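Next, two complexes with chain A in common: one pairs it with chain B, the other with chain C.
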Partner chain A sequence: MTLLDVRDLAVRYDTPHGVSQALDGASLTVAAGELVAVVGESGSGKSTLGMAVLGLLPASAQRVAGDLLVDGSSVFGLAPAELRGLRRTRLGLVLQDAAGSLDPTRRIGRQLAEHLDRPGHAAVLSRLEQVRLPDVERVARSYPHQLSGGMAQRVAIAIALARSPGLLVADEPTAALDTEIKHDVLRLLADSCRERRTALLVLTHDLTGIAAYCTRLVVMYGGRVVETGPPEEVLERPRHPYTRGLLHAVPGQETVGGTLRSIAGSPPVLTGPSAGCAFAPRCEFRIDRCGGVRPEPSDDAARVLCHRDGELDAVVTLHEAPEVSR
Partner chain B sequence: MTTPVPTAELRGVDLDYRSGPPWARQLKRAVSGVNLTVAPGETVGLVGQSGSGKTSVGRLLLGLLRPTAGAVLFEGRPIDDERRRHRGRLQAVLQNPSWSLNPRLRCETSVAEPLTVAGTVPADERHRRVLHMLEQVGLDPGVAGRFPHQLSGGQQQRVAIARALVSHPALVVFDEAVSALDVSVQAQILNLVRRLQDEVGFAALFISHDLAAARYVSHRVAVMWQSEIVEVADATALYHHADHPYTRSLFGLEPGAAGRH
Partner chain C sequence: MSGGLGHAGLVLARAVATMLAVTVLVFFALHAVPGGFESVYLGTSASETSHATVRAALGLDRPLLEQYVSWVGGIVTGDLGTSLLSSRPIVDELAVRLPATAQLAVLATVISVPAGAALGIAAGVANLRGRASGLGRVAGALSASVPDFVVATVLVFVASQAGWRIVGSSYVPFAEDPVGSTVRMLLPALSLSFFATGIVARTTRDAVLAVRAEPFMTMAIARGESTWQIVRRHVLRNVANPIVTVGAVNVGYLLGGALIIERVFAIPGVGEYAVNAVNSRDYPVVMATVVLGAAAFVVANVLADLAGGFVDPRLGARRRAAR
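== the complex of A and B ==
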């Protein structure tokens, strides 16, 4: 069953400094129990998408076109009370700054109890154990500032999952954490969601880091979804030129003495709907059509947003950058 | 790449941070028995998790912190000797370019500042050097007249790098210089650092929590763990194996780094 259905959503921010187009026709569906990672750089629109799911867009945001359905009803059409009900029962949210999303003046145990149907000391401790926290008695008595970043993020996850929501949105849940802790937290998120049959929507910029923990990767660029698929397929056979470029740019896979191939230019700042493909100015496979005609998603499950999808493997691949002796 | 006189050297350096009131002084050891040399024209990577003491080592090398024990040498002499001589010879590139660029100064003024402080370069020469430096880091000369907020994060970091290199420093400390950048821009900056070092030839300490990135730009990589350096290895050797279990765990936990062995 489709839990989340984003249909050609376009969202624009009107600020005193000008207009910026955060989403430019993004489409995405998430089925119950799916673990989906939305990968994109700053300005790709992933956070706007995540906030839209929860009906948490700021007042300066305008829906220009499209719709976003949770459980079949549009979050844009709900009355404030209905929206709060939906968030309370069906949705959960984990943010990057876990300590900042907890109340600094109250102990962890009381904050967590607030979210439980049957609050009680034992219930609180068992929830804290479920997120693999050590010494749960002490954690329950602590204030947020007494916890490390990783522990605070585990508490935030326990709170977000307290009512076993249908969908958990996690916006850069590990960007502030160390590498080692990062993987523990991602594994915890994935495992807890799987146990509860909760769908997970992780928004992240870390393409290779998240791959092991999701069942589907969604790549965003310039406010649109440019490619989606199972992680192993996207990582091994990327089809969109942007995805290819990203994978080449991650340090760690170059050969000894080899050079990383970076993507020239920088991510776009859209002030209106993109005339053609948003990636065209940086794309080395660009043809005339790319600049002027908006690409439509390919017919298959990957929904690749590229005019030249299918032709590219035939094209001789990227030219090697000059070697730097090292 | 060994030469008689390293550009920067730490000899048996300890560093304690003090906290608490005088009658209940608490000491926390941030750096413990560290020996490290950076030869001219060499990049040394320094990796480890947060709290391992990486940034403290960087600040010691720059002479911004005094060690509790041991010696910090710059070009073979104690770094505290004739500090004025070092003006413009030691530079840093920080994680967030907005920490090193004054939001109210045009980029040209910011980039020229190390030369202005040194006071040895006349104004018209400064202008020329700034434009040349901006070109070397791959920026349009038009950037000189703009303010930092008018630039993207990647462009700002290029300006910060230009500012660090304009005075031809002997040592540059890159402290998490690419961590805040988007992946597609990060590779551009890493390639830039490598290219500039081949062209300009400064010694560098590249501090990062990302072992793969450090290995990519460095000749040698030092791994820090709980305030000690537990392993120093040739970057090329790290492509094949690592000796210390902690180094191995860094690789094992990073799919990007461990994937292609």
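== the complex of A and C ==
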């Protein structure tokens, strides 16, 4: 049984300010112990997907189609008590705002202790040591505002992993941290999950930053998963035009294409299901079919969502992409 | 912030300034009233000479500023002046009446803060669960629109119909019979607390909804904590501060309400004393009771402010850092 199985999930937000199709048929599976990174630009639907996993979508969000299963049962079909049980025993969450994730009125030690099966001072200290915090006695006695962002995030990770969940969702866990600390925290997340055989689902827009710490990359665009695969493969042989563009846009990767080219245009804000490929307005390889027919995933493991998958490598290389008039 | 002063010093300085402003306001306002203090003795038909005699006897012929300074000086040393009507020291008269009002206000607070907090949390939590927060709205609307004396009258009627005789019977000093006194005070305190309960309830509900938007609440739900666990672990502590604050602000409402409630229930308290003083234009007593009421309000707010630093560690830290 797959740990996480997202099937053609479509989710729409209905607010007084308008409608927004955050997920437009997203599909994804995560097996036990896998370390998966979901990358995509702002608005591609990462957080919506992550919150859906925990059954935490706000009331304004509604599932239009598809399903999301954890341990084989749909989170949308669970009774409140069952959902609570699932969250308590099988799922964990880490958010970008580390300091805000901790209750400001209570000491770290107490907040951690109440989620340990065998609480106690020694257990608290050992858990804090496991997340590589220095001076754990002092940290246990501290209030959240007395910790740095990096330390607070380590505490949040310790709490989220306290019951060794099957799956930990981490939404931009390092986006608010200083660059030097970012990698330490990502390594800690990956190592801690590996030790517990907890699967990790990191949501981020930092493609190259996360690549070293995951066993699989998932690229999202316009509320759909457009490509997935082992990081080396995706980075070296990207197949979807959007992934190719992303790699061009990554600082430090300029030499791949000779020049730095970011993707022109901006990501779509969908108000309903996309008629064709959501990337078409920005795609330099688009053909007539792209605007009107929704692409289906390729048959292989990469599940590339592009009408021209397979022909592009033969026709063009990254270095000599033809300039398409826009 | 200036060095060495600290948050507590600042709060105290503000309190003293407020009290000074109150004394200036009440003193000069009452001394500007036409007819002057002496007409309480003399009535409107008295001659010029008798006016002058009485004025001299009461020290009212001195410059206004000098009178003010000696009045404030008296207050600071515990002398609130002399009643024009009874010619007795106001402090002595208050000493008899203060316990009744204090008992009424404390009892009303003991009722309104927990009841309001419970209602507010229930309403806030119901709201979080997607149910319309009718509870809070009804409590809020009722308490805001129904005057205290109406509540008091209804309660007295209900109690008498229920044959609950003792609650309606007359006042007994706390020192004489603590239990009997408190039981008799229940109905007045309940009437008085009605409005305050509504205010505490609304403040608490809003605080719960504000806390709900914090990431640590999302995290608590994501960990599968039950509603009760979330309330007990996270909500209570985080809404404690606004509740303490609104409880202190309510002291003002309670004192205002006591004027009416003491009348309705014939409780010989400060409120009744003040109302009588206004009716008979016993100005020194009016001034003394106003200053006393303001002092109670200011002290409650100072205590609430200082308590905030203990309840919320962030607040305490910010204040220490600002020093």
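One rule holds in what follows: the second predicted complex is superposed on the first by the 310 of 326 C-alpha atoms of A that agree within 3 Å, B and C clash if a C-alpha of one lies under 4 Å from a C-alpha of the other, contacts with A are read in each partner's own complex, and residues count from 1 in each chain.
Methods note: a contact is a pair of C-beta atoms (placed from the backbone, for glycine too) under 8 Å apart; a residue touches a chain by one contact, two chains touch by 3 or more.
On a predicted model such as this, the values are computed, not experimentally measured, just so you know.
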Discussion item. With both complexes overlaid on chain A, does A:95 touch chain B (first), chain C (second), both or neither?
Written reply: second
Discussion item. A:178 in the overlay: touching chain B, chain C, both, or neither? Say first, second, both or neither.
Written reply: first
Practice prompt. Figure out whether A:85 sits in contact with chain B (first) or chain C (second), or with both, or with neither.
Written response: second
Worksheet item: Who does A:294 touch here: chain B (first), chain C (second), both, or neither?
Response: neither
Fill in: Contacts of A:104 with chain B and chain C, given as first, second, both or neither
second
Discussion item. In the overlaid three-chain picture, which partner chain does A:156 touch, first (chain B) or second (chain C), both, or neither?
Written reply: second
Worksheet item: Should A:63 be classified as contacting the first partner (chain B), the second (chain C), both, or neither?
Response: neither
Discussion item. With both complexes superposed on chain A, which partner does A:145 reach: first (chain B), second (chain C), both or neither?
Written reply: second
Worksheet item: Which chain A residues lie in the overlap of the chain B contact set and the chain C contact set?
Response: none
Worksheet entry | Touching residues on chain A, where the partner in the complex is chain C | 54, 56, 59, 83-89, 91-93, 95, 97, 100-106, 114-115, 143, 145-146, 156, 159-160
Discussion item. Show me the residue ranges of chain A that touch chain B in the complex, using the header's touch definition.
Written reply: 41-42, 178-180, 183, 205-209, 211-212, 245-246, 248-257, 259-264, 266-267, 321, 324-326
Worksheet item: If you look only at chain B, which of its residues touch chain A in the complex?
Response: 49-50, 152-155, 182-188, 190-191, 194-195, 198, 209-213, 215-216, 219, 235-236, 239, 249-250, 253-260
Fill in: For the chain C and chain A complex, residues of the former touching the latter
130, 214-216, 218-226, 233-234, 237-238, 240, 311-314, 317
